[in-house]
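Below are structures written as structure tokens.
Each of the next two complexes has subunit A plus one more chain, namely subunit B in the first and subunit C in the second.
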Partner chain A sequence: MSKPGQIRLAVVAGVVLFLEFICRMGWVDTISLAPPTKIVASAIELVMSGEIRRDAFLTFSTVAGSIVSAVIVGFLMGLALHRFPLVRRFLDPFLASYYSIPTFVFYPFFIVMFGLNRIPLMAIGFIFAVVAMAINTLSGMQRVPRVWLRTAQMMRMSRIDTIRKVIMPAAAPYLFTGLKLAIVYSFIGVIAGEFILSGAGLGFQIAFSYNSFETAKMYGYLAILLTLVGGLNLYIYGLEKRIYERRGGR
Partner chain B sequence: MSQAAANASAHQQDHALSPLAYAGFVLALLGVWHVLTLWVGRDVLPGPGETLGRLWHMLSTGSLNKHLIETFSAFGMALVIAVIIGVLSGAILGAHRLSGEVAEPMLVALYSIPKVTLYPIMLLLFGLGMAAKVAFGVIHGVIPICIFTMSAVRAIPKKYIRAGQAMQLTPSQMFWKIYMPACIPEVFSGLRIGFSLTLLGTLIGEMFASQRGIGHLLLQAMENSNLLDITALVVMLVTLAAFVGFTLLSIDRRLASRAAPA
Partner chain C sequence: MSSVASTGLGHVEVKDATKVFPGRAGRQDVHALGPISLSLKQGEFFSVVGPSGCGKSTLLDLVAGLTTATDGEMVFEGQRLVGKVPEGVGVVFQEDSSFPWLTVQENVGFHLKQMGMDAAEIARRVDHAISFTGLGGFAKAYPAELSGGMRQRVCIARTLVTKPRLILLDEPFGALDQQTRLLMGDELLRLWRESGATVMLITHALDEAAMLSDRIGVMSARPGRFIDVIETGWSADRDSNIVSDKRFGDITARLWQKLRAESMTAMSGAQA
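Let's turn to the complex of A and B:
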């Protein structure tokens, strides 16, 4: 393992030990914080007993729907904004301040529009994630060096080849950033929505165990959630690296 | 190099639009909104006239004032704290390579947590009220500021630093004449994002940890499914945020185009 990796592991281990210590010594009350060993134990129990299955399935299918729709629509929106610079210039200030609006306040609208089911939550994840994807697609398109496009023209590449061999590789880092953000924001939107407003799903279970003083269980749900989101991002990161390596460079 | 050039050319096209064009754009938005209302019905989406009337009513009777003051004093404090902590820690992590490499994945992981779910911990540490709201704002805003500052400091070209050393600049001269000008554009981009997220965090904090403020009003309206109030408050927030976003964005552009090699 690399040296920064080792230090990172040591830091995390230190924090965990510290938390364990202050909990066991009784310096913080057990309602607010559970010792890490108990958190892990409750996480394992939640998975083993199958208690988590239904909520996890609900949350992940909702998040998956949100990610897929946000990535597709966001990508198309980014292309459209690139294609029509005038529209983009008008929208810039709105895009720049988009993330200061708590989007889940739109939940009641979605309930009236879609009914009382999982679609309003998916819609919250979607509207939270789609703009990140659009902004990053736009940045990617804007940063394709013009020389490369002219070279492609000079070589009489077809439109499809230009997109496949010039534009996409040049924009790839931004598209991946958009994808990673879309994943994270979909999770945040859906979980936050469940947390505040819904009667099922992982976010709801976190809120429910908190309100019923089942602290270890609450942190257990949180730990599972963070592990999964982290794992998914790590996987995308690896995928991205492999693609760059195949292209040779960076 | 080609990247910077492409960047600069993208910025050059962006000379300011006239206020008249913006007025037209806002009118067009209102028109689209009106059509949407006609389409889905005013029970689902209150129309622009109705909403603006409601907002005007809230503002003119002064019922909104104490909430506005509450929210923006919390937001102001959160922003100051987030900027100070974010820029300082980012600068240290950027300058010291090893600690930066150790911290970066951890920061990114923290950034991707749905922070709403951390509110039990926040309430434990700060109790109900102002402190918890400010803390919520800070944890949302500080990480992007830190990450952007870190990468800005890392990206300072080595030859600038060597040139400074060759000219025997004092540490304070190095700071003001070399580090600052080289970092400012990217740090400012970080601040712009930090601004948005801090406002978001403060509003979310108010939803859970407070009995006052715009966030609290929004949660109340949400629980009562009072769509008119929600729309009016959202329109107010969007207007404010877009105005600030516009200002920050134009400063950002100017800094970026000044930094790009001509």
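Let's turn to the complex of A and C:
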């Protein structure tokens, strides 16, 4: 393991041991914080008993729907914004101030539009994520070196081939950033939506456990969620790192 | 002065071409080039020198079909260019244009794959081009693992592998040191002899033009026109050893004599 990796592991282990120690010593209220060993035991219990299965499926399928739609629509939006500078100039102030809008206020509107099911939550995740993907796609397209586009022109490549074989690989670092943000924003949108607006899913179960003073269970849900989201992000990070290494930072 | 005027019989013909870039945000239009005429013979090595901003690269873009002329016409092998690069034309740009996400092998074979050539033929041509350009042993390397000179050779190999009949080089050695430039010049001459292609080289290096070319067109300050054409009289089997030839010094001196006043005009224009 690398030196930074060892330091990272030592810090995490130190924090976990510290939390275990202060919980066991009774220095913190066990209603507020459960010792890490109990959290892990609760997480294992949730997984082994199958109690988590339905909620995890609902949350992850909703998040997956949000990510996939946000990435596809965001990418196409980025392409269109790049292709039509007039539209881009028109939308610039809206895009710049987009994340100042409290997205959750649209939930009632989505319920009217899509009904009382999982789609309004997916829509919340989607509108949270889509603009990040679009802006990063646009940034990537704008930074494709002109000489690569001239090379494509020299090779008499069609517009579609130029996008597929030159622009997309050239913009890959930005597309990856867009993808990472789309994943994070989709999780935030959906989990927060479940937390305050839904009757099912991991976000709802965390809120329910909290309200029922089931501290260990609440942290168990949190631990599982963090492990899965962290694992997914690490996987994307690994892919991205491989691309950067291959390109030598270019 | 030897003529570069269009004869209608050349491999490449530029007839009274001008290029004017429209001014943006209320600024004046920029008359970048011409009217200019040029006729390149089949298999000749023609270089263009001129002061900065005189329109050398614009001329190359016009000849390549990468841009369209405001007036005049370009003809390649008897066919008028109609806003796209014709088949049989290869361009090597000044900047490194290798794709960093592809290996040397994939970069060199990229255009052939794009042309729909079968895999066995691509592999054969790529292997040949890689050894031809001295990149053997680096076929699986990524451009980031290569030096600037090697990356430029990847771009040259990618262009030559398609066997273009007209090779256009836009200051391909601009970023290289003097020794590497001389060696790359030798390689380029070898490739030119073996391919039999017509070559047009844009360069700001007078010694490079003097060493490599059959003819050298000297351009005026913007809007660029040919003010002289110098026949070097070198034999086809020349190499960088000719830099010690007295004639080499004479050619370089004549180029500078022609260019000095134009370069000063260009500089004063840039400062104004």
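We take it that the second predicted complex is superposed on the first by the 236 of 250 C-alpha atoms of A that agree within 3 Å, B and C clash if a C-alpha of one lies under 4 Å from a C-alpha of the other, contacts with A are read in each partner's own complex, and residues count from 1 in each chain.
Rule of thumb we're sticking to: contacts are C-beta pairs under 8 Å (C-beta built on N, C-alpha and C of every residue); 3 or more make two chains touch, one makes a residue touch a chain.
Owing to the predicted nature of the structure, the values given are computational and were not obtained by experimental measurement.
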| item | value |
| --- | --- |
| Subunit B versus subunit C as contact partner of A:A172, first or second or both or neither | second |
| Partner chain in contact with A:R246 - subunit B first, subunit C second, else both or neither | second |
| Which of subunit B and subunit C A:V147 touches, first, second, both or neither | both |
| Touching partner for A:E51 - first (subunit B), second (subunit C), both, neither | neither |
| Partner chain in contact with A:A192 - subunit B first, subunit C second, else both or neither | first |
| Partner with the higher number of touched subunit A residues, subunit C or subunit B | B |
| Partner chain in contact with A:M157 - subunit B first, subunit C second, else both or neither | second |
| Touching both subunit B and subunit C, residues of subunit A | 145, 147 |
| Subunit A-touching residues of subunit C, taken from the complex the two chains share | 64, 66, 84-85, 87, 89-91, 93, 95-97, 99-101, 110-111, 114, 142-145 |
| Complex interface listing, subunit A residues touching subunit C | 145, 147-148, 150-151, 153-157, 161, 165-166, 169-170, 172, 243, 246-250 |
| Contact footprint of subunit A on subunit B as seen in their complex | 2-3, 5-7, 9-10, 13-14, 17, 21-22, 25, 40, 43-45, 98, 101-102, 105-106, 108-109, 111-117, 120-121, 124, 192-193, 195-197, 199-200, 203-204, 207, 215, 218-219, 221-222, 225, 227, 230, 233-234, 237-238, 241-246, 248-249 |
| Contact set on subunit A toward subunit B in their complex | 3-4, 7-8, 11-12, 28, 32-33, 85, 89-90, 92-102, 105-109, 111-113, 142-147, 184, 187-188, 191-192, 195-197, 203, 206, 210, 218, 222, 225-226, 229-230, 233 |
